[in-house]
Amino acid sequence: MTRIKAGIVGGTGYTGVELLRLLAPHPAVELTVITSRGERGIRVSELFPNLRGRVDLAFVEPDDAGLKACDVVFFATPNGTAMNSVPTLLEAGVKVIDLAADFRLRGIEDWERWYGMPHACPELLAEAVYGLPEINREAIRPARLVANPGCYPTAVQLGFLPLLEAGVIDRQSLIADVKSGVSGAGRKAEISLLLGEAGDNFKAYSVPAHRHLPEIRQGLTAVAGEPVTLVFVPHLTPMIRGIHATLYATLTEPDADLQALFEQRYADEPFVDVLPPKSHPETRSVRGANQCRLAVHRPQDGRTVVVLSVIDNLVKGAAGQAIQNMNLMFGLPETTGLDGIALLP
Amino acid sequence: MTRIKAGIVGGTGYTGVELLRLLAPHPAVELTVITSRGERGIRVSELFPNLRGRVDLAFVEPDDAGLKACDVVFFATPNGTAMNSVPTLLEAGVKVIDLAADFRLRGIEDWERWYGMPHACPELLAEAVYGLPEINREAIRPARLVANPGCYPTAVQLGFLPLLEAGVIDRQSLIADVKSGVSGAGRKAEISLLLGEAGDNFKAYSVPAHRHLPEIRQGLTAVAGEPVTLVFVPHLTPMIRGIHATLYATLTEPDADLQALFEQRYADEPFVDVLPPKSHPETRSVRGANQCRLAVHRPQDGRTVVVLSVIDNLVKGAAGQAIQNMNLMFGLPETTGLDGIALLP
Amino acid sequence: MTRIKAGIVGGTGYTGVELLRLLAPHPAVELTVITSRGERGIRVSELFPNLRGRVDLAFVEPDDAGLKACDVVFFATPNGTAMNSVPTLLEAGVKVIDLAADFRLRGIEDWERWYGMPHACPELLAEAVYGLPEINREAIRPARLVANPGCYPTAVQLGFLPLLEAGVIDRQSLIADVKSGVSGAGRKAEISLLLGEAGDNFKAYSVPAHRHLPEIRQGLTAVAGEPVTLVFVPHLTPMIRGIHATLYATLTEPDADLQALFEQRYADEPFVDVLPPKSHPETRSVRGANQCRLAVHRPQDGRTVVVLSVIDNLVKGAAGQAIQNMNLMFGLPETTGLDGIALLP
Amino acid sequence: MTRIKAGIVGGTGYTGVELLRLLAPHPAVELTVITSRGERGIRVSELFPNLRGRVDLAFVEPDDAGLKACDVVFFATPNGTAMNSVPTLLEAGVKVIDLAADFRLRGIEDWERWYGMPHACPELLAEAVYGLPEINREAIRPARLVANPGCYPTAVQLGFLPLLEAGVIDRQSLIADVKSGVSGAGRKAEISLLLGEAGDNFKAYSVPAHRHLPEIRQGLTAVAGEPVTLVFVPHLTPMIRGIHATLYATLTEPDADLQALFEQRYADEPFVDVLPPKSHPETRSVRGANQCRLAVHRPQDGRTVVVLSVIDNLVKGAAGQAIQNMNLMFGLPETTGLDGIALLP
């Protein structure tokens, strides 16, 4: 079998090293190029010693990268980077999966307001497919350009999805109280992410507004068929990997069998696992794995449904989902290279 | 000045060591006795070496304890313990502050159902004063028996209080999404609290039912003047101390000036600090201190108000609040011995 | 190919779940039985949700286990358990790998003194092969009974090995200052291992005597060809997985090329990685991987050599090394099923 | 009593906030000025919310600071900063305590080589008193300029001191294996200090050379009366505060009563606590407290003595010790304002 030639742009962040960890043993992929302006010439395994003996590449300049010779290029870059290179790559016949936000919002005004810059190729926003396979699988298969979802949006959308599709909740009552480990903020030299600051500490942040809000709202609105109202409160929790979304909504169909609803919706999904009634998924149960685990509750048999949704923000929330999308785009079994078991403890 | 002779029953848990840390330097208190069945004869400072040179007591058997010679006795015992000794102590003229749950609920049926045992002195439930000074200050002063609030109930009630008193929210719409460090579960040899289990991990627990639910509901109902509906979801977060409550409610008075409401309500409270608009209190900002810090938000100017409330579960959520109550009960300035600054980082 | 039928005795600890994580996807193994007295009837994936969908076994009583029908049985039990069953299993033709200490010491007096109980089958101590493949590979291949090394002994012996074999250090000058994450102590309900106790804290323990001391001393003495003197100081560090050994010895051959010595000794070892000069291996670089990474230093060109050695205590220090031994005992390529890349971050 | 007017230069780091936490309630001190170039105009309590309601100062420019009107100025600045201002302040009659390294080494060549810059006032190196009260108490009292020791040097010197003074160890055999929490590296935006990097991870660093080596060597040489040979290996451990030094040396007087030696040496020291035989001090037992706790061991009655020494790097290793020095310099009882009990858990 000819292997898929894969390139990574911006490989020095957590999303980059996670792509490397998952792609290096992927049986259908040949890693051919990885770029970084800052670390040009440095061997990947020098920066990330877990890859010693497993990845022999060195970082190259983006311009030298021979990205056009790849079959697929992953962008693990800051927001606003991929959009500058994507048109050229698509023209050269390269498929693109952007792990940043450049192609996640369909509305250009929306995007430019939330991301604070002009978009370099707004004409591609309509073509880009939002890469949440549990919703968009068939559209992803033939796509040239996939916008890989954000980590919070993945956890939140998978949790609300069965309820909105079934129409059993008030669409104006959605609350997402979400907690993230620090790797979700990236490998950035910021005071607030120091172990001395974020360790043994808990806080909410960006309560007035967070960029994942419009992305989630857009996705849920599409599912619901009409606009939803969502309150989204992200928190920073003192751990490395993992997102735990606690979701609340008001039931409009008090007789709905919520457990059955979730189990049926995800019965055929290889990467979504509905736990038995009264369960509480732990983030470590998906650490390093391309899994979302869900539980649904209705406390005191009241009118509020509570969904608990956990993912590893770097896997199902980023690199793993990107490879899931790649598998779909290249006609591979969707689970290829994604069968690692979560590391517990 | 004659010092208050203070005794502690059950001094080997986190609440006990925290009482010792705060009472040892308290200028109006003389620690006279501390009991423990399991550690009888062991010096306190052997078990808790932070107290070396500061607390010279050894643990004694509860029966030998001379508790009746104390002016005040703190119970830092498991639920269902204090109720067996309290009547005798009260009779002997000793004031009692129970840091467990024995006297927190006013309804005997309620208590027996949630705590799963018969109550030993139900006749005292009506006399016991719920020790949340920000609500019950005047009733606490003359009390013989104070039921010190739970940690979750303290954080949640202080957060909802101004909104319910002002009548600006729908009383049926309350959601408390609360995150606790592991010390909230006590110093107990349980697998789920190991660093190997709770470290680098996040989970909800007891979503179907948690014993703090009826306590919070009772308190909020009293404030609101009519029953409230509350969804309460506790979570375990990988840190040692600290509770972060994220509270949601539906506004019924969209024009209410929420910031002013909170600032005015707590203007004279020495231990409640309302942060400026758009703030996000951190749990470490109250680590070791008898403080609650609050922020109030209204995301996207919508109909949902979000309150962020942080305390140290062992201080304002337990031992510190108990001493605040003792100060009130003995006519001392309320802040005596409680002016420690939070340890940050 | 007929798969190796593998059983696990005592599968509810950290070593057990790690064996399951590594054996479930092992291409040459069929997991057939897992025992636990305490959790009989419980599905493995209920206790360890990371295994949902990957391991379908339930725990059975040791007596019901059909262990004799296995090709190999792993004992992941407390010390003193395996020795009661091993003779019967060996007689039945089953190969045994004991991850506890029952067969690690060759001297029966030594064993009984350090482990405080009589040995049930002292006649097997001589037959048992100490399962450190980097020293004993050829003896492991035909063995019926392998004593899998302890976690500290693995990290320490691999670090001192090249120096002792080459005879370049004073054998009476060995110091091993070793730091372990809490999973090294097992999944036991002990106060000292709580996140509330071990978190944000660092301490030495068992400085007067630790059971791994005679095991390390025996191994190093065998390598050196004469008795060694070792000071061994273990520490508990607030992390989940990982051991970092910092090793000191006095050089007797000041002209030795230490870097070359290490690189040559381990050139053909698939699971020992010698880092470039001036490196500092991190425990996370081997998290979840069957790897030992080493660096050798000679500070200020003095007479003291410093070796830094890291492993994951649950993998190269336990379950991974056990599978490495199994691969050797069954004629498989040594690396089969052990090529997982460390999880970083 | 007239209060001591105290200023802090460089108040935005961990040493700065710790000075504020300890000086704000100090009964003999009035905090009058705190400087920061980067945070000019910002209220101290905005950056460090634990100080809300306790410290009313805002950061000012160093030039506007009115530092000359202070009685004492603390420099909590990066290395190479204090030396530019100290001569002027001394001339103005202000006493200076430098928490950085500018005046720690007595040899100018040594200093300039290790710190990589020319010294701005080498003439003051001889006058500066090394501020380790347990050694230099009498010299500190009349000093104008005190060089506050580094955190590692404090823990290491207090541990070796009794052994070197008594002459019972080989001075060429010293090994200091030291582990630090991340706050020891300061509040700096560096990748290696992120929770995502330093969390759940352990590593040595700077094994070839660390700037605290010459400082420790100088101090120990002064105590021993002749040069010592020291191997110093620092490690980063995933916690916030705390240093644990594990010290090794070869005994030359095998009959020495080590426990008595330590107890007698520190009998009158208010901030050094010698634990009973066979103890293992924990870093959390000094968290937030100006304490050093020590234990001395002689494993297997061999020729190697092992000393365990713990401090809070920000208190006895920095701000607390600086205030201890200030108390001495101003004729106050040495323990004034330093009686806080360690926060455990």
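Here the chain labels run A, B, C and D in written order, and each chain numbers its own residues starting at 1.
Throughout what follows, contacts are C-beta pairs under 8 Å (C-beta built on N, C-alpha and C of every residue); 3 or more make two chains touch, one makes a residue touch a chain.
Model, not experiment: these values are computed from the prediction.
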Message: So if I look at the partners of chain A and the partners of chain D, which chains show up in both lists?
response: B, C
Field: Interchain contact steps from chain A to chain C (minimum; 1 if touching)
entry: 1
- line: Between C-D and B-C, more C-beta pairs in contact link C-D
- line: Per mean C-alpha coordinates, the chain lying farthest from chain C is B
- request: With chain centres taken as the means of their Cα atoms, state the distance from chain B to chain D in Å.
  value: 36
- prompt: Per the centroid of Cα atoms for each chain, what is the distance between chain C and chain D, given in Å?
  reply: 39
- request: Calculate how many whole Å lie between the centre of chain B and the centre of chain C, each centre taken as the average of the chain's C-alpha atoms.
  value: 45
Message: Please output the residue numbers of chain A that touch at least 2 other chains, ranges allowed.
response: 14, 181, 183, 187, 196-197, 199-200, 238-241, 281-282, 284, 287, 345
- request: Going by the contact rule at the top, pick out the chain D residues touching chain B in the complex.
  value: 14, 17, 21, 24-25, 48-54, 183, 187, 199-200, 240-241, 273, 275, 281-282, 284-289, 293, 339-345
Field: chain A contact footprint on chain D (complex, rising order)
entry: 14, 181-183, 185, 187-191, 193-200, 238-240
Query: Which part of chain C faces chain D closely enough to touch in the complex?
result: 175, 177, 179, 181, 196-197, 199-205, 207-209, 229, 231-233, 235, 237-242, 244, 246, 248, 278, 280-284, 287, 297, 299-300, 302, 304, 306, 308, 310, 345
